[in-house]
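Look at the two complexes coming up: subunit A is in both, with subunit B in one and subunit C in the other.
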Partner chain A sequence: MHRNRLRNQGLVRRAVQFSALLATNLHLSGWVDGTIYTGGSKAFFIPGLHCYSCPSSILACPLGSLQSLLAAPNFWGMLATGRPDALVVLSVIGFIAFLGFLAGRFACGWICPFGLLQDLLYRIPSPKFGFQDSLRPAKYALLFILVLALPAFLRPVAGGAGDPWFCKIVCPAGTSLAGWPLVSASPADFQLGFLFWWKSSIAILILLWAVTVERPFCRSLCPLGAAWGLMGRVSLFRMRVAESCISCGKCQNVCPMGIAIYREPGSSECIRCGKCAAICPVGAISHTVSSGEKP
Partner chain B sequence: MKALWIPLVLFLLVPLPVVLLSHHSHDLSGENGALLSGIGALDSVLAAAGGRPVLINFWATWCGPCVRELPVLQEVANTAGNNAVFLAVDIGDPDLSTLESFREGNPIGIDVVWLNPVEAESIASRYSLADVLPVTLVLDGGGFETSRAIGARNYEWFLSAVEGASSGAEAEEEDGFEVHVYVVGSVDDPAVAALLEASEEIAGPEGYDFLDPSVPEDSIRMAEAYLPMGGWPYAQLCAGGACMPPVGTPEELHAAFENMR
Partner chain C sequence: MGRQWTANPPFTSSNLVAASILPRIILPLLALLAMAAGYYFGDSRAILTKAVNICLECIGIG
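Up next is the complex of A and B:
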């Protein structure tokens, strides 16, 4: 019975993930003609890691937007003088913080297109391996170094613009869902250099990793997940484990993030996918909305 | 090993020094060259070339292709060393202070000559310059023009033009005239609607971009294209790596298009 419940819950989640994917990728012609949608909806953010330059995307990536704004020429001066184009950074931070305090990493489990891609890759038959937990802190380092500090403060040319470093040297979502399709559509328009081949190698490694390990990018490298995870510890929507828990460990076995939710229901890694609640043989795990009470 | 994340992060940071070093190799040497002013100063530099080829790059701070081209010119100047003279002549900024502020944030290693609007017009007439920027002239040791480029060029073109001026050969000119218009302003501004209509007439439905400075992504694109961050609404006409000065009305835009052709 629990297996059926798990399967049904999985179908619902997959339907939500695909619906979100379709709803945020309406510019399908972009894949054919190799163009990017630049309409008004690009002023809004997708709750997930999805490149602004993905040909079909009609929304902007919050992480990419944050870095680009921080990297603008004279960002701090513009912010100090209240220029609207610098103050927009507050809307990106507000968007990320709002979702994080609302539901932690919920969007990772239910909406993020790159999360969905990893879920699908893991379904490919292959040897499956466990995840090395000591890799988890890497995403916090990448959040601090490549998303915040370097774009905000590093200026290769004094007074000039900085760079969105995470997008520039790591992001596999940007490479696989924007870089590759755009380059394929019109190779002559791009001067492919070291960074393209570096990022392509990183993306290939991560995609192959996702075939053998469940959601390795979310667990170890995603800075957006890191930010939401930190807020997830005190979010309103979270997992709750009742005292009837028998510590059987089944929840950990099905958790795509490999969390022992029965020991740590407020884990910053939890993506609120609900597989643990579906598999729990005694119904001890559930979603809950709580304001500040310890789960 | 308990902290595998550390080597993982260090590995992912590998491109950082590579990218930064490449920035420096494209950097305008980090220090400004001389800033001269007036036709007299320009003629003095030309006279002092002493039989060497001279590359004169006409540009302005509001011209994205020009600004992107400057580091390339610097690289060519580094390669050519003392065998040629390189000059960046600003003929598009009416106020010297605009150029000075630009140089504070974007050092230009080669010497820059600033001309006021009257002098700029005189020089444009002397060299029969089109109304677009950038324009690059290469003069041989005798002061005769051997190559001319309207629009931005790459390292190889500049180097070949300078070497050609020494040997008497001309750099190969590129063909192509594809117009693109940037329209900048607020979406509900009637003047913007008129500029957009004129842009479509000139460049076709795919040939123009509308950018609203209050939209963050547009603001970023404006910075990347070195479009002026004030004075909107305006439209800037570009073609073949060269741009016209921004204009504010459809009539001026049509006139700019005719001039460019």
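Up next is the complex of A and C:
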């Protein structure tokens, strides 16, 4: 019975993930002609890691936007004097914080296209391995160093623009869902150098990793997940474990993030996917907007 | 079966924050306010300009 519930819950989540993917990727012709969408909706953000240079994307990547705004020439000076092109950084910070304080990493589990891609890759038959928990803190380092500190403060030329360092040297979503399709559609338009092959190697390694380990990028490297995870500690929508829990550990076995949710219902890693609630033999785990404490 | 653990240890600082419903309602509202202020006082063309042009850094060219 619990297996059926788990399967049904999985089908619902997959339907939501694919619906979100379709709703945010309406410019499908871009994949054929190698163009990207240029409409006004791109001033708004997608709740997930999805490159705005993906041919079909109709929304902006929150991480990419944040880095590019922080990396603008004289960003801090413009912010101090209230220039509108710097003040708009509040919109992306507010967007990320709103989703994070509302539901933690919910978007990772239900909306993020790169999360869905990893879910699908993990379904490929292959030997499966556990995840090294010691890698989890890496995403916080990437968030604070490559997404925030370097774009905001590192300027190769004084007074010039910085770089979106996470996009530039790591982001596998940009490489696989934007770089590869655009370069394949019109190879003559791009001069491929070291950076392209560096980023392609990283993307290939991460995609192969996702075949054998469940959601490795989300667990260890995603800065957006790191930010949402930190906020998820105090989010309104969360998981709740009731007193009736028998600590059988089935929830941890099915958790795509490998969390012992019965020990730590407020875990910053939880993507609110609900698999734990579906598998629980005594119905002790549920989503809640209440305190998360024992009933 | 005897319990060996507590589902939610009651007196840790993080649990006290989590247990309080008020900040968990106020924080998303403040974030929503910041987002609205960003769009109202800011110039969203700064985002749009980046998003409607191919991001060379993102695709591994720049």
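Heads up, the rule we're going with is that the second predicted complex is superposed on the first by the 290 of 295 C-alpha atoms of A that agree within 3 Å, B and C clash if a C-alpha of one lies under 4 Å from a C-alpha of the other, contacts with A are read in each partner's own complex, and residues count from 1 in each chain.
What we mean here is this: a residue touches a chain if its C-beta (ideal position, glycine included) is under 8 Å from a C-beta of that chain, and two chains touch if they have at least 3 such contacts.
Keep in mind that this is a model prediction, so the values were computed, not measured.
**Q** Judging by the criteria at the top, classify the pair subunit B and subunit C on subunit A as clash or fit.
**A** clash
**Q** Classify the contacts of A:171 with the two partner chains as first (subunit B alone), second (subunit C alone), both, or neither.
**A** Touch partner of A:171: subunit C, not subunit B.
**Q** Which of the two partners, first being subunit B and second being subunit C, lies in contact with A:138: first, second, both, or neither?
**A** Touch status of A:138: first partner only.
**Q** With the two complexes superposed on chain A, say which partner A:220 touches: subunit B (first), subunit C (second), both, or neither.
**A** First partner only, subunit B.
**Q** Subunit A residues in contact: does subunit B have more, or subunit C?
**A** Touching more of subunit A: C.
**Q** Check whether A:85 is in contact with subunit B, with subunit C, with both or with neither, and answer first, second, both or neither.
**A** Both partners, subunit B and subunit C.
**Q** After the superposition on A, what does A:73 contact: first (subunit B), second (subunit C), both or neither?
**A** A:73 contacts subunit B only, not subunit C.
**Q** Would you sort A:65 into first (subunit B), second (subunit C), both or neither based on which partner it touches?
**A** Once the two structures are laid over each other on A, A:65 reaches both partners.
**Q** A:42 contacts which: subunit B (first), subunit C (second), both, neither?
**A** both
**Q** Report for A:205: first if it touches subunit B alone, second if subunit C alone, otherwise both or neither.
**A** After superposing on A, A:205 lies clear of both subunit B and subunit C.
**Q** Of the partners subunit B and subunit C, which touch A:156 in the superposed model: first, second, both, neither?
**A** First partner only, subunit B.
**Q** Hey, what residues of subunit A end up touching subunit B and subunit C alike?
**A** 38, 40, 42-43, 52, 60, 65, 68-69, 72, 84-85, 88-89, 91-92, 163, 168, 195, 198
**Q** What does subunit A use to touch subunit B in their complex?
**A** Touch residues, subunit A against subunit B: 38, 40, 42-43, 52, 60, 65, 68-69, 72-74, 84-85, 88-89, 91-92, 132, 134-138, 141-142, 145-146, 150, 156-161, 163, 165, 168-170, 194-195, 198, 202, 220-221.
**Q** Under the touch definition given earlier, write down the residues of subunit A that touch subunit C in their complex.
**A** Listed in rising order, the residues are 36-40, 42-43, 51-53, 60-61, 64-65, 68-69, 72, 82, 84-98, 100-102, 163-164, 167-168, 171, 174-175, 178-179, 182-183, 190-193, 195-200, 231, 233-236, 238, 241-243, 245-247, 262-263, 265-266, 290-294.
**Q** Which of the residues in subunit C end up touching subunit A in this complex?
**A** On the subunit C side, the touching residues are 1, 3-5, 7-8, 10, 14-15, 17-21, 23-25, 27-28, 30-39, 41-48, 50-52, 54-55, 57-62.
**Q** In the complex of these two chains, what residues of subunit B are touching subunit A?
**A** Of all residues in subunit B, those touching subunit A are 1-5, 8-9, 12-16, 18-20, 23-24, 27-28, 104-107, 187, 209, 213-217, 219-220, 223-224.
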